[in-house]
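Structures incoming, each one as structure tokens.
Both complexes below contain chain A, partnered by chain B and then by chain C.
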Partner chain A sequence: MKISGTQIFWMLFTLEVGNSLLLTISSTIRVAKQDAWISMMIAGIAGIAISLLATSVSSLYPGQTIIEYSQTILGKWPGKLIMIPFFIQWYSVIGLIVREFGDFIITALFQQTPLWVIVFTVMLLLVLIIYQGGIEGIGRLSEIVGPMVLLMVTVLIFLDIKDMDWHQMLPIYQDSGLSVILKASYTPMASFFGESVMMTMFVYFMDQPNQASSRAMWGIGTAVFMVTIGTLAVIFTFGPALPSSLLYPFYELSRYISVMEFIQNVDILIVIIWYFSIFVKLALYMFIASYGTAQWFHLKDWRKVAWFLAPISFIVAMSIKNINIFAQYYDKFFWLPYVFPINMIGIPLLLLIVGWVRKKYAMTS
Partner chain B sequence: MSRNKTLFMIMVIALFFLSGCWDRKELNDLAIELGWGLDKEKNNQIRITAQFIIPSNVGTSQTGGGGGKGKSFFIETGTGKDTLEAVQKMQTKLSREVFRGHRRVILLGEKLAKQGLAPILDTYSRDPEIRLRADALIVKGHTAKQFLEASYPLESIPALGALKEHMQIGGMGDTSLLNFLKAATSEGINPTLPVINLTGSSKGFEVTGIGIFNKNLQLIGFLNPSEQKMFLWIIDRLNQHILTANMPQGTGNAGLFLTKLNRKIKPSIQGRTIKCDIVLSGEGVIRENNTKLDLTQAKNLTLLEHVFEKATENQASQTLKRVQTQYGTDIFGIGEAIHQKYPSQWKGLKKNWDKQFREVQMSVHASLVIRRVGLTGPSMQLNNSDIKK
Partner chain C sequence: MMKTFRKIKPLKKAIQELERSSELPPNVQDGVLHTSLTENEQALKQIFENCSDIVFRTIIINEQAKMLLVYVDGLVEMKTLDQVLIKPMMFEGMPNGLKDAGSVGKIVQDRLIAFSKVDAYSTIHEVIQGILKANLAVLVEGESQALLADIKGFEKRSIEEPSAELVVRGPRDGFTETLRVNTNLVRRRIRSPRLKMESASIGDLSQTDVVIAYIEGIVQDPVLEEVRQRVLRIQIDGVLESAFIEEFIEDMPFSPFPQIQNTERPDVVCASLLEGKVAIFVDNTPFVLIAPMTFWTGVLAAEDYYERALYTTFIRWIRFVLINISLFLPSLYVAITTYHPQLIPTSLLISVAAAREGIPFPAVVEALMMEFLFEGLREAGVRLPKPIGSAVSIVGALVIGQAAVEAGIISAPMVIIVATTGIASFSFPRYNLGTAYRMLRFPMLFLAGMLGLYGVACGALAIIIHLTNIRSFGIPYLSPIAPQIPRGLKDVLIRSPRWNMTHRPKLIVGEEKERIPEGQQPGPRKGGLNE
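On to the complex of A and B.
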């Protein structure tokens, strides 16, 4: 299983852009109003920094994944223990994402279809891609769907230009100020752009690991650019107040399109964008969770873990009562205070520093 | 290989679940509704009246051949505490499921609008079937039900006639619901909705101005059609405008068809007084000239431009003045303009903005350009001696 630098680019782009467009714009605008796009850019810069951190720590030991090099750097048991937060994150988030996806599909398309059908089909497809393709399959998939997602987002924004009024972004900065803008950037930063920490698992699979940093940073950067433009499009069309009460403002934007009275009802594009994006995201989480578990327990066939992971995620997804409220709590009490500082910054930084010192020490002695 | 076979089987089985049969909607199980109206009923209830297409009659009535086939739409009503309950009541009288995805027009009875629209608006953004792009109009003097029952000769679905009329007058139909919601959630502008009225004698209806709302979303007053034009120009929502002005010397009038309309709101704060300069600009062609002026002469064009500008300034200031003194609600977005230019001062102003708005010193400047004069210079019917060079 080998993936190329281009595949890394499209993987990270696809995984970030759909989710952030759909799920972060509303909460960011709620806090920062018309300055939400600045918050998005700040979040994006942080995301790029996290991908740089993740790739540089992996480049210390390009022949190992984070599961292995954490043990190389910290010793066997500390290295194993420090991976536990990652497993908690990976195992819990898959079910949540599937559920979020299923609920959106039900709201947007199939009001009467039972949830389990949607969740079950997605789970089946995930098991398939894990079994047949592994990371290489996911890489190739993103190479195909990534450009389509980029094209569709661009088209959607272009079709809406005639309904936009740029004056609605005024006054810039004055209303909110730095602290509010920073506060608003925390959610998109932590929940989405920070996910580029996944790179710690991917560098090992790259045919040219030296490309990892630049490709990952470009991938996240492009996604951030599109999300910032999307946020501006939402503000230009709906103003700074209305989007905060809409759950999916970008979806609403696509439903609002009407060009010359005949290009209408293009909201299905959003569903496709989101489907592609979320599928890549789920597949990647599924892959790192299975592969990581296998490495951690020294299992021979990592693919078998998927059979164990899929039912767990299915049960998690089905047992959540109301996803909007659950996701809010999950974000507020788990992801923002623990996952973001520990998994996305703390552990990679610790490994980078200790690993760097170790290498230096080994060279001098 | 055997693993592949198992997977293949799983995929085939999955196909049965993927067909989406739970949500199939056959076209002949749907009652497609293009416009609906809301009215106030007794006991705090609302009545919903909807115009449904009769699919088998739509095609024939447009080709004109099927005279005996009858109308291409029919009306059904339902009452309830809220929209959903009313729709449910309406559904009991319909053999097909109400489909609201194609709705374009929402008509609001005057009584309901006066009572306040806040309690009924939620469903228009919550229900995934309904799109935000719709035209909301107030029916003045009549109920929405009466309005929808009236027929209109040009359109097979009368409700669409209302939408098209609104587009014809240059007021960007189709977007009034969103603009209303945007204004309702913003601090520096008050919401408005276009008003439509049944014409008394003949069958049909006309767009007759703008309804002004306060921040509680209650209808508090109206602007007449010419004021509506000025209002739309000032808030930059006017696409086209025909301006007719009398020459001051009493030598007839002329008509200018304006297409490129623009405006700038320039607020300025000096101490405690707020001034606001509104610059209206436009480009157009002369469509009618009942004066004796020869329009191939540069000085005559300048003169005419000046007359048009004066007329515009007068009309606009009157509109502004009337809104300021009579209603005292900022429907023009002056507050928003101040917010954008003076964000720090606005924080102090916004609490009392309705009061402050009455005190703003407005001035209007128009700058209009005549691009073309049509196909004749002086009017053809004039003698050479009458023409003013």
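On to the complex of A and C.
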């Protein structure tokens, strides 16, 4: 299994754009009002920094994934133990994303379809892609889905231009100030752009690992650009007050479109393409969780882990009572205080410093 | 990706035993020819017992040497046999008698048989094989060797226009059932010693000739080696068509998508060879296999390269759209009318609803019925004898197009949908990829009927996942789209002018990656010719 630099680019782009556009705009605008786009950019820069951190720690030992090099750097048991937070993150987040997605599909498309049907079909497809393709298959899938997402967002924004009023973004910076903007950037930074920490697993699979950091930066950079533009479009169209009360403001934006009285209701298209992009994200999580678990336990066939992971995620997704409240709690009490500082910054930084010192020490002695 | 070799199946053993017991009678158990002609004749006659098409002809030359000719009636060229061999031998014989040369066989081979290709064999097995492969066997008294002369002369079909892949502009010769004719058609187009043609015979009973053709230096060696291995390990009793080979060597046997291309056109084979692909010729069929195949070869027609580049790009895009229509249109119609009517503009919705009023079935049942009937009509149209064939289309048009709608069983929009889908599915330049899409339409309809647009999206995603993961002899099926190769897009999304396609497909080609030198874009001479 080898993936190319182009595939890294599209993987990270698809991973970031779909979810961020749909789920973060609302909460960011709630805090930062019309300056939300600045928050998005700050979050994006942080995301690029995290991806740089992740690729540079991985390039210390390019022949290993984070599961392995954490043991090389810290020793066997400390290295294994330090991975546990990652497993908690991976195992819980798949179910959560599926659930969030299932709820969105039901609100957008159906009234009476039971939730389990949707969660179940997604799980089936995930097992299919893990079994048929692995990371290579996911990379190729994102090479098809990524351009579709890019095209969709661009076309959507273009079709909406006539409803936009750029005065809505004024005054810039005056109402909020730096602290508020930074505060607003925390959620998208932590929950989405920070996910580029996945690169710690991907560099190992690249055919040219030296491309990793540049391609990852391009991928996230493009994603940030699209999300910032999307946030601006939402602000231009709805103003700073309305979007914070909408559940999916970018989706609402697509329902605004009406060209020549014929191209209407294109919101269905955004649902489907968003589905594809979420699927890429889920598949990536599924892959690193299965592969990581197999490496951690020294299992031979990592694909079989998917059979164990899928039911767990299914149960996680189904056992949540109210996803909106739960997701807020999850973000507030688990992701923001623990996952972001520990998994995305703390552990990679620790590994980088210790690994670097070790290498230096090994060279001099 | 290479699968491990499977163990030799018990079938092979059974066939071998059967072969051994029937071919060699007790008196020739050792399998070597005797010096006595009578004994050899007896053995051969015993082996060819009840084979009425085998001719045994004895001639005596100059009262000195006795000879036996054995051949299959009809497979050898009788006229040549009579005039070039039998007549001179019987009337003129050996002018100097036998005195000056030692071996009769040597004299016969060197002086008497006036054919270009004559070889001597000493085992009875080789002689039998030679006779069955349309050679003339000559046995001489006192010789423990037999001569096999190649005078194939069976009836063959003349070269005609291929019926499955038609072009407006382009060569009109198509392959025939004769292997040599087919390889000649290719050799005539690529006159290079680097065009190699390795031959093998496959099938324990049929002994079918198979030729693996490639251009040395352009082909990718691992791919060639993989093709060779997969072809040579086939154990089968008979090969009647190239599909027999295809089924044994493809990567994913249960995928609906074909992973090996087949064609009747020599120009397509040559173009593929020049891109670094490998062609597999099989005797007795006009269909030549080409491997590795990518998805796009199923969408690109031979004519794309003979028409103007701009026009071809336009047609290609129409084809891409039609391909998607042939897969998605019925399921989209069902999903939208059943689950998401708000997506249709109101005026259109009213007319669709009005047309559907009084139809007793839900849309999905209606669509399944119609699609089923359409496939039935198509099958009937292909299978029926030609004079009756036109009746099918009339019945189909009248019964389904009009009567069913008037009777209120089928709604008119559904007829439009199914007809459009049908036309779209005919737009595939290569038949075998179209069949995959025709088949996948039905699961998509089920998904649309159960889960609406979400079901269609799931189905589409499953198809994309599958397509991105198929490989054909190690080459990803969707390349150069996924994995993306920017240079390759010049021949997929658009058809770049020939002088601009400077490189062969990156993943397929082996060494010589450059096809033509750059900078050959034509244009008027600066300053004009007449100034």
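The criterion applied here is as follows: the second predicted complex is superposed on the first by the 365 of 365 C-alpha atoms of A that agree within 3 Å, B and C clash if a C-alpha of one lies under 4 Å from a C-alpha of the other, contacts with A are read in each partner's own complex, and residues count from 1 in each chain.
By our rule, contacts are C-beta pairs under 8 Å (C-beta built on N, C-alpha and C of every residue); 3 or more make two chains touch, one makes a residue touch a chain.
Owing to the predicted nature of the structure, the values given are computational and were not obtained by experimental measurement.
Of the two partner chains placed by the overlay, only chain C lies in contact with A:S4; chain B stays clear of it. Applying the stated contact rule after C-alpha superposition, one finds that A:P171 touches chain B and leaves chain C untouched. Of the two partner chains placed by superposition, chain B and chain C are both touched by A:L109. In the superposed model, A:K300 lies in contact with neither chain B nor chain C. Once chain A of one complex is fitted onto chain A of the other, the partner contacts of A:L128 extend to both chain B and chain C. In the superposition on chain A, A:K321 makes contact with neither chain B nor chain C.
Applying the stated contact rule after C-alpha superposition, one finds that A:L242 touches chain B and leaves chain C untouched.
Contacts of A:F279 after superposition on the shared chain: chain C is touched, whereas chain B is not.
When the two complexes are superposed on chain A, the residues of chain A that touch both chain B and chain C are 109-110, 113, 117, 121, 125, 128, 132, 265.
Within the complex, the chain A residues that touch chain C are 4, 6-7, 10, 105, 109-110, 113, 117-118, 121, 125, 128-129, 132-133, 136-137, 139-141, 143-145, 261-262, 264-265, 268, 271-272, 275-276, 279.
Those residues of chain A lying in contact with chain B across their complex are 107-114, 117, 120-121, 124-125, 128, 131-132, 163, 165, 167, 170-171, 174-175, 238-242, 245-246, 252, 255-256, 258, 265. The touching residues of chain C, when paired with chain A in their complex, are 339-340, 342-343, 345, 451-454, 457-458, 461-462, 464-466, 468-469, 476, 478, 481-484.
Residues 3, 7, 10-11, 14, 17-18, 20, 22-23, 101, 125, 128, 131-133, 174-175, 178, 181-182, 185-186, 236, 339-341, 343-344 of chain B touch chain A in their complex.
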